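These are the structures in question, set out in turn.
Next come two complexes, and both contain chain A; in the first it sits with chain B, in the second with chain C.
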Partner chain A sequence: MKNYNKVIQDIVRSMLEAGLVEEVVAFGQDPASVDILPLFITEPQDAEKVVAISYYPCSLAKLVALYGDKDKKTGMVLRPCDARALVELAKRQQVNLENIYTVGIECYGVVKDRAGNNEIYVFPGDMEIDGESKPLDEDMLAPGCLRCEYPIPTMTDVSFRLEPKGEVSVTANTEKGKEILSAAKISSTEGSPTDISAIKERAARWQEQDFGELMKMEPGERLKYWLSQFDKCIKCYGCRNSCPICYCSDCYLEPGRMLIEGEEMPPEKLFHITRLMHVGDSCVNCGQCEAACPMGIPVSKLYHMLYKELSPLFDYEAGFDLDSLPPVSSIRDEDLLKTGVELD
Partner chain B sequence: MISFVPTICTYCGTGCGILLIVKDGSVVGARPWPEHPINQDKLCIKGWNVDEFIYHEDRLKKPLVKEGDSFKEVSWEEALKLVAEKLGEAKDKSGPDSVAFLASARCTNEENYLLQKLSRAVIGTNNVDHCARL
Partner chain C sequence: MAVEQKQDFEPRILGFLCNWCCYAGADLAGVSRFQYPPNMRVIRVMCSAKVDPTYIMKAFLSGVDGVFIGGCHIGDCHYIKGNYYTRRRIMMVKKVLEVIGIEPERLRLEWVSAAEGAIFAEVMKEFTQQIKELGPSPLRKELQGSKVAK
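Right, the complex of A and B next:
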């Protein structure tokens, strides 16, 4: 069972020992605690704290953008949604991908919480809880994960696959990935790629269910539904603070920035609609906004749904190609005309 | 060097778990403690910004005694002596019920217990309330 963590710990340790990176950002467990916390590791011996458990409580890309050092060689252990968020942040000049070495974990979903601090690994059709194999319980997964169709981190330097019974395979996707694996003295596994048809089927089914019930409504009814959801908002700004795409250090939603008077609170409708306009085109469906919401507003469903509408319209897939810019910053008048928008 | 230090939010009595983000010895931010049973990875706006008051210039770090229109920094010993004197004076002159004690939701249960103990057993009044009712 521990083999899942061992290979990833070996990679992290050798990246630090070989001097490939000065720091590795990953989730880990301190021996003194069962809690899983983000770690910025600088000492090779601390690599043994890193875990690959299917639980991912915040965006590491966001933490690196906020608190990391752009000039420092940094290693990261990421889930595919977070790796996509990192690419989006790089497009927005918030991280320097040249200095970042990424190790991606193939991910078939993470659990909403770990009742009893279980050691949980999720696989396409089943899950392993404290070493015991069980059929997959979809209720335990985060709602965004059920709609996710990107289980393989193709955009990371090394991708890492966990299979039931402790098997691990590792693939280098880039030159930097080869450097990582040669430092760790691990050879790239040549094998068949993961069969993701079950994940694609699940994503289609849940997107149909989650978005379908909203799309069935008349436009007026749908607006009323969302406005009644926004009425619950207590303005904790948790969705904004957790969102890896929300990067502005001087946020338009802060008081005293033209939109909202000093010491005033933003009206609930405006708050969410502003955020939707800013991040909707590049949502990577990481689900952190919804996980942070104390009022249970299904915000990630809204952003993901809008993203799925905009993505084919602008032929834009967030989080893959560094050179493809988000529609909001690259849109031309003729693109708008195509969608039936009338220009003055 | 960045570390995430689990602790409890000091803003109210709910007791949400937070992670203080510590960079090179200074607190630079706060976020929810993901697996804390009370708040379960969620926070209110005060919790998200709980780090802001730590280095705020308006933060009081030493006891101050008012002298005329301004305040003077004094030692804890001096400040407590003055409070004890004034409370004793009020009690002797106008009776125990001329004094009231206001506890705080930002203190622990134990500290609030001690405050009502001081009020009832030392001064002799039931005039005890707390900031959450103001």
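Right, the complex of A and C next:
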């Protein structure tokens, strides 16, 4: 089990030792406690705290955008959803990808919570709890992960694949990735690509289940459902604060912006609808909003549902190509030739 | 009975008209004495791209039955490319309406030039009729008693 961590720790350590990066942002486990915490590591000896455990308490891309230094060479250990969020933030000029070296972990889902602080690893068909192999329990996974169809971090410089029984294979995706691997003296394994058909099947099944039942409703019923969900809101701003796509420093939803009144509970329905409109076109389905919500509003379901509607409409996949800009706030060349009120 | 009620129902429509084209088109429709239903309240905006999606949702949450947005034809925008943005935004807002459970047909974007008074009147007739057929906005019923619905 420790082998999973060891390869990643080696890479983090050698990136720091070789001077490739000045700091590394990754999740680590403090030996004194069992909590998984985001770490900003600058000393090579601290690399041993980094873990690859299947649990993702917050978005590292958001942390780097908020607290990172754009001019500092930074390394990051990321899951695919967070790597996509990082690309989306780069499109919005919040991070400088040229200075970021990303190491991605292939991810087949993370657990909702680590009851008893177990060490859990999730694989396509099974999972490992404290070293014991068990069949995959879908109830333990975060709801967003069940709908996720992007388990491979192709947009990162180096990607890792963890396999049952402690096997690890490493692939360099870019020139920067090769630099990282040569610094760590690890050879890139050009193994067979991971079979993601099981993940795609699971994603399709859960999307059908989560979205299908809502879309089958009459519009009025669906509206009633969402309004009753919005009524649970206590306006803690948790969803906004945890969302990697929500990047504005001066947020529209603050009381001073004349849209949402302060000291009003639950907030006006516009609170959720505005957030939906602002992130819907680029939602990476990381599920942080829903995990942050103390009232259990299925917000990530709502945003992901809109994203899945908009993605084919605008022919846009969030988080992959740095050159394809957010579809609602940018226009493309082919728009100029179309004269109708819709693009098709 | 239900059909009768629908016929009696007078929809409230909010229109955002671009100063340079659609507003002038509406003006021309008035000056030329073209008849069209008086259900729309107009807000003049300098460009259709000024219409933040939030305005549209605020209008629906305030109890209007339909929202109309009028802009210049593609290529005619006074600000060169405002209506290209409008087009993408309205496509997005229509999906938002669909996802949260409001009929997307309640929102309509149309290009009307300053010379198209007759077309403006025609579009108004059509849109008002469409909203009449859809009936009152479901939000009106849902938000009754709360302070936004008047």
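Keep in mind that, in the parts below, the second predicted complex is superposed on the first by the 320 of 344 C-alpha atoms of A that agree within 3 Å, B and C clash if a C-alpha of one lies under 4 Å from a C-alpha of the other, contacts with A are read in each partner's own complex, and residues count from 1 in each chain.
Simple rule for what comes next: contacts are C-beta pairs under 8 Å (C-beta built on N, C-alpha and C of every residue); 3 or more make two chains touch, one makes a residue touch a chain.
Everything quoted here is computed from the prediction, not taken from an experiment.
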Once the shared chain is lined up, is A:Pro135 touching chain B (first), chain C (second), both, or neither of them? neither
Is A:Gly116 touching the first partner chain B, the second partner chain C, both, or neither of them? neither
Looking at A:Pro312, would you say it contacts chain B, chain C, both, or neither? Reply first, second, both or neither. neither
Applying the touch criterion given at the start, work out whether A:Cys58 contacts chain B, chain C, both or neither, answering first, second, both or neither. first
In the superposed arrangement, does A:Ala291 touch chain B (first), chain C (second), both or neither? first
Contact-wise, after the overlay, does A:Gly19 reach chain B, chain C, both or neither (first, second, both, neither)? neither
More residues of chain A in touch with chain C or with chain B? C
Output check: A:Glu268 vs chain B and chain C. Expected answer is one of first, second, both, neither. What do you get? second
Chain A residues touched by both chain B and chain C? none
Touching residues of chain A toward chain B in the complex: what are they? 33-40, 42, 57-58, 66-68, 113-114, 117, 234-238, 241, 291-294
Which residues of chain A touch chain C in their complex? 217, 219-227, 252, 259, 268-270, 273-274, 276-277, 280-281, 302, 305-306, 309-310, 313-314, 327-329, 331, 335-336, 338-343
Taking the touch rule as given, give the residues of chain C at its contact with chain A in the complex, in rising order. 53-54, 57-58, 61, 73-75, 81, 84-85, 87-93, 95-96, 98-103, 109-111, 138-139, 141-143, 148
Residue ranges of chain B touching chain A (in the complex, touch as defined): 1-4, 6, 19, 21, 23, 28-29, 31-35, 39-45, 47-48
